[in-house]
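Here come two complexes built around chain A, the first alongside chain B, the second alongside chain C.
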Partner chain A sequence: MESITAVKVLDYKGLSCPMPIVKISMEIGKVAVGDVLEVHTTDPGSIADFPAWAKTTGHEIVEIKQEPGLIRIFVRRKK
Partner chain B sequence: MDAATQDMLKNLFETKLNSAMRLYLETCTHCGACVEACHVYNSMPEMRYSSVGRSEIIRKVFLKYFKLQGKIAPWLGETIELDDVTMDRFYDAAYSCTGCRRCMMYCPFGIDTQMIMGIAKLLLIGADKEPKLLTMLADMSIAKGEDAEASKAGFEEAIANIEPEVEALWKTAPGKKTIPLNVEGADILYVALSPKHSIIPAAAILNAADASWTLSSFEAVNFGAFMGDSKRMMAIAQRIIAEAERLKVKTVAIVECGTAYRVMKQQTGKHPFEVVAFVELIAKFLREGKIHTTKNIAEKLTYHDPCQVARNGGVYEDPRYVISQIASDFKEMTPNREMNWCCGGGGGLVAMGELEFRMKSSRVKADQVKASGAGRICTICENCQTQLTDLSEHYELGVQVDSLANLVAHALIQE
Partner chain C sequence: MDVEKEILELKKKVDDLQGQENRLLMIVFSGELDKHIAAMIIATGAAAMGMKVTLFFTFWATAALRDPKKNVKGKNFLSKMFGVMLPKGRNKTVLSNMNMAGMGTAMIKDLMKKKNVASLDELFEAAAALGVEINICEMSMDLMGFKYEEMIDYPNMKVCGVATMLADAKESAVQFFI
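This part shows the complex of A and B:
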């Protein structure tokens, strides 16, 4: 897979429900179409939340990387 | 607003006119008993923020289109038309109301303002004027249910990654899974929220009780309920109901989330399983001697009754019993139980942001917390916890806000 370069890293670790999705919904509009945002979270639920959010809003989850203590989600603005 | 839209909205209005709703719309005598009951009015004393003030807009539209008096003599009773200005007033009324139903406790007829606000919310959806953030969150939850298999492996990995944090609170018995997933025949399906802090303490407590349990693949929160959309609400709840039925569990235990509890307990019909708030399980485990705790909280602690679990769900004493097992200096806020002040973050307001309004409209709650003299406050609703944390910061209360389940998990005695 080609390397992904995010224009911004967003730290959503430890936020309460449903703030990660609320915040990404606001942040995505601030970058250019095609740009990628890198979200850092610790929420197991975000593994399904972000793809479902992308599906309903028309954006793209480029990749999700997991390691103990951190989930990294790469989101591309599509429109 | 064009005539076709107006007709469509009138039809939507009519779908809400069951006998209870007609009673609520027709019996208000404007006695004013509800006015002071609203935390918003108490904090921002304008009639539009009183229960009767909110409902009056709906009543005037009801009078205009669904009562003979309004049809033949619309000038009597000051009827109002369904138009764009009215829809803006509906928004102001419905989304400044947290649906806490404290006003209902004061109304001599028991008029349910939250139910009346359901008309405003439904018509706002019809007019495409509902808060889009709530729609997006609700649709996200529904999409998650439609494609659960796609994220299954990733979710399992994420859950495995947080298991050491559960083990730090409670060493799981050999041969048992720290966070069981997808276990058919388990007694309990625990439905959490997306954040790990809604899973880890609960897993430790369930393991300490040696319970037969499994973690739900879905989050409990129901944004369809916040937006007053019964179809979306049921679609979101149905994901959990189907999972519980597939796994043949006896009990569905809902995480500390007031709306999630009330929706599953009261608004989704009958099920082949019982629905409990997680605190009810904790209290049961303690009473039956299945878990043991130490009173490790010496600082003065108070408790916030979440409206949807307490006043609207009837769970008052179990949280207090649980607190009595972990804290040595408990102080009630006044008023409490069914008369407790709403935190001011319900009805979707926390998810929608609305920080300035939430803070201004909840001054009475901040005053109540301050008057308790407690340095710590716990509750059993994530939404309330967020709002209370914001209030503590905004009003410089210096109060530490905690989840009750988290406090219990840190008080467990492993012998």
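This part shows the complex of A and C:
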């Protein structure tokens, strides 16, 4: 699998619903189409919510990595 | 028969329907803290999902839109009484359950801070940034004796009636009542 290079890391650690989704929706427009953002979160709800958000808004969740105490979500701006 | 014309008309109808899918209308009726939090989480979440969100604040909920720093003169006795009895602003609202003379509300607020759950202030700030629209029921404001001048500063707020709310609801694929 090709390695993913994120243009920016967004630290959403400690935030809970709905803030990770609210914040990513404000950030996604700031990068170019095709760029990947890396989100760091500790909110387990984000594992389900980011794909739901991406499905509705038309962006792509490239990968979700679960590490002890940290969830890393790679989001690609699609439009 | 003009087929082209008919196709254009159908296209327009489909476009209108697709627009409706992306709108949410919520009637915020209740005045308690927990229900305001629920309303604002749904509103900001929906706006983050790319939906156009309109909140219709009516009855008890209108008190939460009062600005604690603003005072207006020229109210009659009953309006003044209502003004004193109802919460002055969103941060004076209490829980609908387990309030226990304010102890429950204080506990929940403390817990929210510890668990880093967004406060009503933060949620209103996010809603404003995301373009969430607030419509206040004119009749409720009049009934409770509130004036627009004592309401919060919010970028996308106006006063309206039931017809505006119904027109918005008709154009929205999702409607909530809290």
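As a working rule, the second predicted complex is superposed on the first by the 78 of 79 C-alpha atoms of A that agree within 3 Å, B and C clash if a C-alpha of one lies under 4 Å from a C-alpha of the other, contacts with A are read in each partner's own complex, and residues count from 1 in each chain.
Operating definition for what follows: a residue touches a chain if its C-beta (ideal position, glycine included) is under 8 Å from a C-beta of that chain, and two chains touch if they have at least 3 such contacts.
This is a predicted model, so every value here is computed, not measured.
Asks: For A:Ser25, is the partner it touches chain B (first), chain C (second), both, or none of the two (neither)?
Replies: both
Asks: Touching A:Gly45, do we find chain B (first), chain C (second), both, or neither?
Replies: Only chain B is touched by A:Gly45; chain C is not.
Asks: A:Ile64 in the overlay: touching chain B, chain C, both, or neither? Say first, second, both or neither.
Replies: In the superposition, A:Ile64 contacts chain B only.
Asks: Per the contact definition in the header, classify A:Leu37: touching chain B only (first), chain C only (second), both, or neither.
Replies: In the superposition, A:Leu37 contacts neither chain B nor chain C.
Asks: In the superposed model, does chain B or chain C contact more residues of chain A?
Replies: Greater contact footprint in residues on chain A: B.
Asks: Could you look at A:Trp53 and tell me whether it touches chain B, chain C, both or neither (first, second, both, neither)?
Replies: both
Asks: Which partner does A:Ser16 contact after superposing on A: first (chain B), second (chain C), both, neither?
Replies: In the superposed model, A:Ser16 contacts both chain B and chain C.
Asks: For A:Val75, using the defined touch cut-off, is the partner it touches chain B, chain C, both, or neither? Pick first, second, both or neither.
Replies: Neither chain B nor chain C is touched by A:Val75.
Asks: Where on chain A do chain B and chain C both make contact?
Replies: 14-18, 21-22, 25, 52-53, 56-57
Asks: Could you please specify the touching residues of chain A with respect to chain B in the complex?
Replies: 14-18, 20-22, 25, 42-49, 51-53, 55-57, 64, 66-69, 71
Asks: Within the complex, which stretch of chain B touches chain A?
Replies: 133, 136-137, 139-141, 143-144, 147-148, 150-151, 154-155, 157-159, 161-162, 164, 192-199, 217, 219, 221, 223, 257, 351, 353, 382-383, 385-386
Asks: Would you tell me which residues of chain C are touching chain A in their complex?
Replies: Within the complex, chain C touches chain A at residues 41, 44-45, 47-50, 115-118, 122, 126, 129-130.
Asks: Where on chain A does chain C make contact in their complex?
Replies: Those residues of chain A that touch chain C are 14-19, 21-22, 24-26, 52-53, 56-57.
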